[in-house]
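Presented below are the structures under discussion, each in the form of structure tokens.
In what comes next, subunit A is part of two complexes: it sits with subunit B in the first one and with subunit C in the second one.
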Partner chain A sequence: MSRFDDTLHDLHALDSHAARPNALTRLDPRSKILATLFYIVAVVSFDRYAILALLPLAWYPVALAALGNVPPAALGRKLLLALPFALMIGIFNPLLDTAPMVDLFGISISAGWVSFASILLRFALTVSAALLLVATTGFDQVCVGLNRLGVPRALTTQLHLLHRYAEVLAGEAARMVTARELRAYARRRLNLNVYASLLGHLLLRALERAQRIHLAMLARGFDDEVRGSQELGWRRVDMAFLTICAASFILARSIDLPRALGHILLKALS
Partner chain B sequence: MNDHLVQASGLSYRYPDGTQALQEVSFRIGQGEAVAVIGGNGAGKSTLLLHLNGSLQAATGEVRIGDLKVAIATLPQIRSRVGMLFQDPDDQLFMGSVYDDVAFGPRNQGLPENEVAVHVHAALATVGASHLADRPPYRLSGGEKRAVAIAGVLAMAPAILVMDEPSDGLDPAARRRLINLLRSFTHTRIIATHDLDLVLDLCSRVLVMNRGCIEADGKPETIFADTELLARSQLEPPLSWQRRPEHG
Partner chain C sequence: MHMADALISPVVGATLWVAAGTTLTYCSRTLRQDRQERLVPLMGVLGAFVFAAQMINFSIPATGSSGHLGGGLLLAILLGPPAAFVVIASVLAVQALFLGDGGLLALGANICNLGLFPCFVGYLLIFRPLLGANLLCRTSRRISVVTVLAAIISLQLGAFSVVMITLLSGISSLPFSGFLLLMQPIHLAIGLAEGLATAAIVLFLQRARPDLFSSASRATSINPLLAAFGFAAACIAGVGAWFASTLPDGLEWSIAHAGGRVEPTNLAAAWPAVDAGTSLEGILGAAATLSLILGFGFLLRLRHKS
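Right after this comes the complex of A and B.
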């Protein structure tokens, strides 16, 4: 239970970085959203066996974490949380794609392992970019920015409420799990029946809470529009940030920098 | 016309599952009155409150706030006159910061941002929560959450405050602060509660509900002295009342 709670707390702790002003938090959320989007597209568009060619793109999350004072350890913990999804996607590659591809110090490595490693690297890069977007902007501002970029209001309102209530719902789930454990004695394993019933109850509770929240919103004059406070202002520095990011992504995508560097080195040596 | 009046006449409501939650409920609450609605679980208190701001619409009978009848067409006006405080403050605090949450109502009323700021700061100052403005609501203690939820309602400048279990889950000090705060208000206050000592401290009038009907309507001293009525309505005299040295 306490570990569960800690994890939850961690998730929200990410947001609190955005409360401390620095050069990055002062940027318009839209510039950071677009940069993150370009970044993800750039990373994903690489060849499926790309590993070394991806490495130059790591500058972006590293720079963002450094400028935004986001501790790498906090970021790492959140990456671990999402890791199982990436593992699930990539785990069968080594089994299915067994053609030898690379010879590393006499050990032959199959193409499947290479693409698996590539998936993990892309996962680390894109997810940390997304996490850093939230950490340097704050979730609410991300929603406001998305809205201004033309994402339908219904969707951003959903995102906003999801973020707000994830903790409340997870808290309810945690209390239900504790309540079960207290009466389960030696039976540590959750059998399927109990599990189904727990999930069903959680769904019902979530629905009830959603209803109460909606009533409370209506009581304060909600008319399908959550109005943000801060007027967004697109300044020259936003344009500069976006241009630099996009240019570097295009550069890294079009020129295999590590390979070029290798060639130059080899030439210099010979 | 007087916006502070609350009038229900012949109000009945049946939930879709067939539960008859309200039956022929009628009352009239005047300006500045503090009225408690008490009764056992399932007596219909919450259902009654939900009718007062149009969250539920009367099946038969009607509710009037001042000169306005509660109906779909009048909901925007009704909801800026009647401030509703829900039982669980977590249901009410959904914005990312306390400031934005308190500003939610005024912004929906269409006020310009500089007026919104004035209302928000005044409301936060009233409940003594100015220092919390930049905090995220989910990081607050129970008492702080309650205070902020009240500020969110006050910021809309309602004439009438409707509260469901306002002292629920508060520690004694926070409860005392709440009582003092509510006592300082000049709004018409309607409070559904099981906290009968709060009723004694705060209210000049009590409505006792039982099975969807108003069983009694009177001064707290009269109501709490009627042990038979209390037992019938699944209630007991307030604790402070029980400790009174009647037998020397």
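Right after this comes the complex of A and C.
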């Protein structure tokens, strides 16, 4: 059941990067959440044909991956897995928008290809930023940070519990599906009756598990608040991080830096 | 379907985040006021259930394809709309943060598409009125038909919403009518599959655990919910009004079909890179920028290792 294995691995692996302390894990989760949100807004605010101007913004995921000890290969693999949807919609652009836009050493490139490339670039930047947020902060800390930023407690508690039990339930589901496959002989596909029974039993197990968990939590004094492992404290380094990020995003948004750099280089070479 | 950040503009994304955030705040407040703390672990585990269930495919009869459960309608049936909405939002958030499935800006849009429509339209306005609070006295056929109807309508609304959002964002060049004709039939089939799967599970539960459906404490007052839904609809309509003032898309589609330019002709003025000289400049600049960034990353990693 490779699909279950992959997802289980994903849930665990991303968090494990944050378990080892580094310069980024020591930052307040709120500064990282806000920086990531500014980043995504900055990236998507470019117009549809922007490619060059987007490039400087790649510094943020690269720096986070480097400082957070996240192997680029793992990140790249995740990006590839998540690519299909953006690809499916974006591929229509070159087909529909055929007006020529750029003349590259004699080859005319249509506007559709330019906007398609822009879509893919935006996709890579925004998805990496989201993944790196969890990889450098840890999901539990993200929930605590979100709560302090004003997200309702019902949602952050829900996120926390979902993360905790997703692995448990996915493991349970994987065992049930494997058991059924081993007994199914020639029938690899699930028909609706068997599917309903499988999911129905999974749901019943989930409900009973929820009942046991609730009683256990009550017995330990649960009062509807899941507390984080460390108290949050906003320090100067958090402010510095957020300010540097925001300033660089605004700069990259206002000035087309690669073009300026290319201009200077061309002048220097000629 | 999960929308990606790359296809949404900040204005549209922010508007939908406001709609999703308002509804989430309303649902959280409702849960707190109704003293539904006992629901908290149940919501967590059911969220994990939906997360796991989305990985199991079943084969759709009479076709060669397979589908999987979305979960919104089932959650609304089990938990009631406010709790179900919070659970769906959390599942989508985890998918965005861990699997890169849909982005953080698009999360608001995805929560609206996959949460608002099944929970507040499919369940509240279709399933509940047609079947009543007590499911035990309903026949299997009636439950199946109503569930399939609710699922189909929720998914049609969701698909239409995706088309509108993509259109209003203006990043993709897909024409309105073409995209609509593509999305609606596909989601008709997906809605049918979702309805059948949900109905099958509900019927199973009806036989196995009838006590789940006999609680009469599921009465939710509709008015505040309709107000929240109305607010969300007003936001979306407000953004839609901007679109209404541009060229109709039927016209754009016809123009494209006739072989003309879909985009306005003053683009040459806005895009300076038309001759080889400035193209070289662009390429040099791009190469230099990328090398600087990669070098920076490399240095950081080296410095960290030492």
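Going forward, the second predicted complex is superposed on the first by the 196 of 270 C-alpha atoms of A that agree within 3 Å, B and C clash if a C-alpha of one lies under 4 Å from a C-alpha of the other, contacts with A are read in each partner's own complex, and residues count from 1 in each chain.
Following the convention adopted for this analysis, contacts are C-beta pairs under 8 Å (C-beta built on N, C-alpha and C of every residue); 3 or more make two chains touch, one makes a residue touch a chain.
None of the values given here were measured: they were computed from a predicted structure.
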**Item:** Touched partner set for A:Pro29, first subunit B, second subunit C, both or neither
**Value:** neither
**Prompt:** So, does A:Phe105 touch the first partner subunit B, the second partner subunit C, both, or neither?
**Reply:** second
**Request:** Name the contact category of A:Ala219: first (subunit B only), second (subunit C only), both, or neither.
**Result:** first
**Request:** Check the residue A:Leu207 against both partner chains and state whether it touches subunit B (first), subunit C (second), both, or neither.
**Result:** second
**Request:** Examine A:Val43 and indicate which partner it touches, taking first as subunit B and second as subunit C; both and neither are also allowed.
**Result:** second
**Prompt:** Is A:Leu159 contacted by the first partner subunit B, the second partner subunit C, both or neither?
**Reply:** second
**Request:** Return the chain, subunit B or subunit C, that is in touch with more residues of subunit A.
**Result:** C
**Asked** Is A:Gly145 touching the first partner subunit B, the second partner subunit C, both, or neither of them?
**Response** neither
**Message:** By the touch definition at the top of the document, which applies to A:Val168: first (subunit B), second (subunit C), both, or neither?
**Reply:** both
**Prompt:** If you lay the two complexes on top of each other, which residues of subunit A touch subunit B in one and subunit C in the other?
**Reply:** 139, 160-161, 164-165, 168, 209, 213, 217
**Asked** Mind pulling up the subunit A residues that touch subunit C in the complex?
**Response** 3-4, 7, 10-11, 14, 22-23, 36-37, 40-41, 43-45, 48-49, 51-52, 55-56, 58-59, 62-63, 65-67, 69, 78-79, 81-82, 85-86, 89-90, 92-93, 96-97, 99, 101-106, 111-112, 115, 118-120, 122-123, 126-127, 129-131, 133-134, 139, 142, 152-155, 157-166, 168-170, 172-173, 177, 189-193, 195-200, 202-204, 206-207, 209-211, 213-214, 217, 224, 257-263, 265-266
**Complete:** Contacts from subunit C onto subunit A in the complex sit at residues 1-10, 13-14, 24-25, 27-29, 31-32, 37-38, 40-49, 51-53, 55-59, 61, 66, 69, 86-87, 89-91, 93-94, 96-105, 166, 170-175, 196-197, 200-201, 203-205, 208-209, 212, 256, 261-263, 267, 271, 273-276, 279-286, 288-290, 293-294, 296-298, 300-301, 304
**Complete:** Counting only contacts in the complex, subunit B reaches subunit A at residues 50, 53, 55, 76, 79-80, 83-84, 86, 88, 90-92, 94-97, 99-100, 103-105, 107-109, 113, 134, 136, 138-139, 152-153, 156
**Of subunit A, residues touching subunit B in the complex** = 12, 15-16, 19, 138-140, 160-161, 164-165, 167-168, 209, 212-213, 215-223, 226-229, 231
